[in-house]
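Scrolling down, you'll hit the structures one after another.
There are two complexes below, and they share chain A, which is joined by chain B in the first and by chain C in the second.
Up next, the complex of A and B:
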């Protein structure tokens, strides 16, 4: 009973405090909105256009078929891409492309190397370079996949052309001028077909959900700011010691265990309120879909709140004063969030880094929400995350009780 | 309520390593009295109260509250004591009423009784009109009154006040002292610690003088002053006094010594004896013009000096009105 009273008292103190509310709700929502906007999230319900450049080879030692065949090639490709609503492709020089991508004006650029067509017809290896804007990762990724697609088409075309030549030459030797004429005709034919592609590019691989930046960052920042909240809750243990209210509680029929349990329960309640409100706001403001199983989302939320509150308690147990909890706690939360991918997509980090990330609470909590938002994993699909976060909570709690009772 | 002393402390020892913070202290507090623990900083007052309120585990000896041994049945003892910490142990962003609701629940006050009890106590500390205001909007004196009220929520048999007036302004100090006296008049037993002589003299029925962990003397003010000898000194400055005056004084009941100096007369008398009125009458009837009369009654300061060889005022360096530290929470 007293545990609940202590918890409710803490909840009422914290919810009255404007700064707490600012930190709990306003800050994460604002940050997610800014990041979502910067990365071109799904404002308005679809990804905004991917702007990118196609760069023709500067000079070609030897033209296979005609003058300007590189430009013709890039022009045709740009034309083709722009037929798809999402893409806005232009032809540019390499210099222009490097400047535009570097400045973040374009998401990426595909650089066609000299000798590309010859290599295609000789079915030799050739490298297409893709410049990517590191900031708009997702769009740059799309440009990259387009380049891969382009390369696939080109080499398929090359193999086909080679086959035609070989088939005719099996009957009789072609003269040079016949080869040129035939090649030119084939190129013309292909680029016309490109204009009206028989194989359309499906835009299903870039559907709304999969590139919803908000759905990625909302749970990430929620976990980060959940930890700020629970560290502040942990800090209030020291505040009570420093203000004399702890001592007064100890003169009442309240045990130390009751006190700590009450503080943890208060922290947990507040964290639960925070994560549920953040999920709700994410749904309303950013149209994040959390999958078809609302129960799974709620379970993930309450489990995450448990992990965060016991971690906040742990931070308080290895600090000695309220001020120390503030400074060490903030540093701790930021490091955990950097390591665990609450501030950036840790999936893109090297494997070694990712295995470190797996030791953080942030990683697993985020992972659970991602699986729900991106894969509609359901309760069964996030059982690993639930299990790991619960286990972590138990360990954090046991550690903090051990540390706190030694005081 | 049971008979016998409310507090019984016997041979209480609390050691911190080599240091004996409390060294074989014994005393009893009777029901209905205000008992003062008087001593300089570091005397062991807070540690003694700490043991009695179950915050500090004693090294040896026994301490009982309402007949309950605090080490055996700490929960039982806690329910019978009210503790008023030196700090304002309240939640500043909650209202006075919400604070009292919380603390009442912590002390196990029955829910049905709690609201009425809070109203009653807010009335006693004259804050009924501010019940719904946040503590951090209160003045220092108001906060202290709520702090005391919280200690009374569960109707304790004895209230512990540990230096409640350190660092507050004289006016607030007076209102606190008067509040304590009022509460005592209504029957509350009080254990009060202080290093201010005047407070102990003004407030306490009996006083225990502590220094360096030991209890040097326990008694009423007059019992204690009797320790330094029962002498008061009357000094009269007047014109035209002569030796006949000394001759008249010496055989009087209560006078132990009389001497005439250059324009002043010094008379040593047993404290409480009735020498002054006839002396004044004799001087005025003989037409002597009196400039001044001083009566130097032995006080606790003298007692402390006598017992420890040092002055309590030197120890209690900071004047109560000048230290702002305690004025804020």
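Up next, the complex of A and C:
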């Protein structure tokens, strides 16, 4: 009963404090909104256009089909590319392209070399050069990737066309009329075949525009700010001692164990309120779907709150003052969140780094929510996460008790 | 002037007694620079191919599946993990769904039979929707398929072209055509008709790039931590006001303006020392090349830190409690980091986001750093960014002066 009273008193004090509410709710929601605004485009919702240039080959020594075929090809390619929402391609000279890319006005430029068509239709080889903006980390890569894809398709088309001619002409040299006939037939036949190639690929993944970037970052930041809250709760143990209220409390029939248990229960209640409100706000503001099993979401939330409050207690148990708890606790939370993927997608990291992430509380708590939001995993699907977070919670609690009992 | 120096030194002495200050000013920025630089790819080109794990299951009952497997294994972007145990397809899908693997490729049992029979064979690509890496692996698989489809097209095309010209080939002739076509394709892919090479324009040449993404993370984290620490120092002013030490200072023969300048100056000195320590550390340990103009770098850092110092005093003057100042500082600094392109490059964000990013100092500071590090801009070339930062410094300082109060 006394434990509950201490817990409710703490909860009431913290919930009446505007600064606490600011940190618990406003801060994570603001950051998630900013991230959604910034990265929503990456997942299909309106990335700023990739602006690049196409450079026609310098004067051809000899043309394959017609004069200025390089320029015509480049112009047609630019038009075709610009029809894709993501791209804005313009034709330029190499000098203009170098100046624009060097100044960061364009992410990149694709230089079509002389003899490009001859390479595709005849026997030559050419190298397409991609100019990259030195400070562009993403868009220049997209331009290069586009050029590589086009090169592969052009090569594949060229190899296919030339291969057929080569196999037939090995029989005997074709007459001009046979060549024209074969050329016409090939064009039609290849257009049909490209539509249904020999090997197709069936993707079971979600289309890009269905990915809700908020569903990734909302639980990530919820866990991060949950830890800030529980560290602050842990800090209040020292604050009570430093302000003398602990001594006063000890004159009442309250044991030290009751006091600590009450503090932990208060921290747990506050953390549970915080995570459930953040999940609710995520659903309302960012339309995050947490799957079809609400029970699984609630279980994951209460388990995460338990782990976070135990961790907050652990930080308080190895620090000696409120200031120390604040400083060391904040640093600990930031580093663990950085390593555990609360600040960026840990899946992008090298494998060794991902292994390190698995030792953090953030990784497993975040993983449980991600599985619910992205894969509708249900209670059974997140049993591993629940088990690990509970185990971590038990370890943190046991360590805290051991440390506090030595004081 | 002497009094201002005296006040500045006085404040710096107080800061020196705070042991945790050095940890927050120097150690934390280094940890964040290391992690973010290690995780993200290089800033101006590719520091080497990034290989992503792709789980592959080959259920094919013929021999063509192995050919596909070998071709996929050769792709630079793919680190192939083959599953061969019974029920491997279900295992692979479960591994992806559970988040243990990013993507799986399953070659069906009838793969060879369908290709041999002239029908389309479909391979299955299963992706974890919460991850972005599989987009790269799927593109690499598609490139491999383009080559194989070209080969299949040559084989089928040679037979059908023969039939078109001279009637249906005998079985013997068909086999001869197939062999010839395959041999042509194998030779052709030895030297693909169209290849791609990349050239980074500007001063950031491939060989001069630091390992990993430190060319972005080092300046970004330096800007972030100077801002974060600078703004958090606002609570110091509030504490002084509440503890009446500021009022005591006003009773001394010191002018109000001298106290304000002293408050700005110590923040400026700390910021400058921190910034240049991180710049030096970045150069020596992370191998960051900070550009061709130290003067330009100095101008950018000085104007940025002046803006941060002004904003810090402004927050300290307009908030009533230390906690309020800390909360506001945290919200402002983290939001400004996110909006200014310190956490991710502004290039991937929508245009509106980029506009917002340039309404605050961080957007201009990051632009300037990119121009210095990536493009080797001179003093005159970064003048627009430095002018914008100086403008922010003036606005914040004037506002801080107008709102500064000692009680």
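Convention: the second predicted complex is superposed on the first by the 245 of 407 C-alpha atoms of A that agree within 3 Å, B and C clash if a C-alpha of one lies under 4 Å from a C-alpha of the other, contacts with A are read in each partner's own complex, and residues count from 1 in each chain.
Here is the rule we go by: contacts are C-beta pairs under 8 Å (C-beta built on N, C-alpha and C of every residue); 3 or more make two chains touch, one makes a residue touch a chain.
What you see is a predicted model; the values in this text were computed from it and never measured.
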item	value
Partner chain(s) touched by A:19 [first = chain B, second = chain C, both, neither]	second
Contacts of A:248 with chain B and chain C, given as first, second, both or neither	first
Which superposed partner A:336 touches (first chain B, second chain C, both, neither)	neither
Partner chain(s) touched by A:370 [first = chain B, second = chain C, both, neither]	second
Touching partner for A:162 - first (chain B), second (chain C), both, neither	second
Touched partner set for A:237, first chain B, second chain C, both or neither	neither
If touched residues of chain A are counted for chain B and for chain C, the larger one	C
Touching partner for A:301 - first (chain B), second (chain C), both, neither	neither
Complex interface listing, chain B residues touching chain A	53-55, 75, 78-79, 81, 83, 85-91, 93-94, 98, 102-103, 105-108, 150, 329
Chain A residues within the chain B interface of the complex	2, 5-6, 9, 12-13, 16-17, 243-245, 247-254
Chain C contact footprint on chain A (complex, rising order)	19, 22-23, 26-27, 30-31, 34-35, 37-42, 46-48, 98, 101-104, 107, 116, 119-120, 124-139, 141, 144-145, 147-160, 162-164, 166-168, 170-171, 174, 178, 181-182, 185-186, 189-190, 193, 196-206, 208, 210-211, 215-216, 323, 327, 331, 334-335, 338-339, 343-345, 347-351, 353, 367, 370-371, 373-375, 377, 381, 384
Chain C to chain A touching residues, read off their complex	20, 23-24, 28, 31-32, 35-36, 38-46, 53, 68, 97-99, 102, 115, 120-135, 138-139, 141-143, 145-154, 156-158, 160-162, 164-166, 177, 180-181, 184-185, 188-189, 191-204, 213, 216, 321, 323-324, 327, 330-331, 334-335, 338-339, 343-345, 347-351, 353-354, 370-371, 373-375
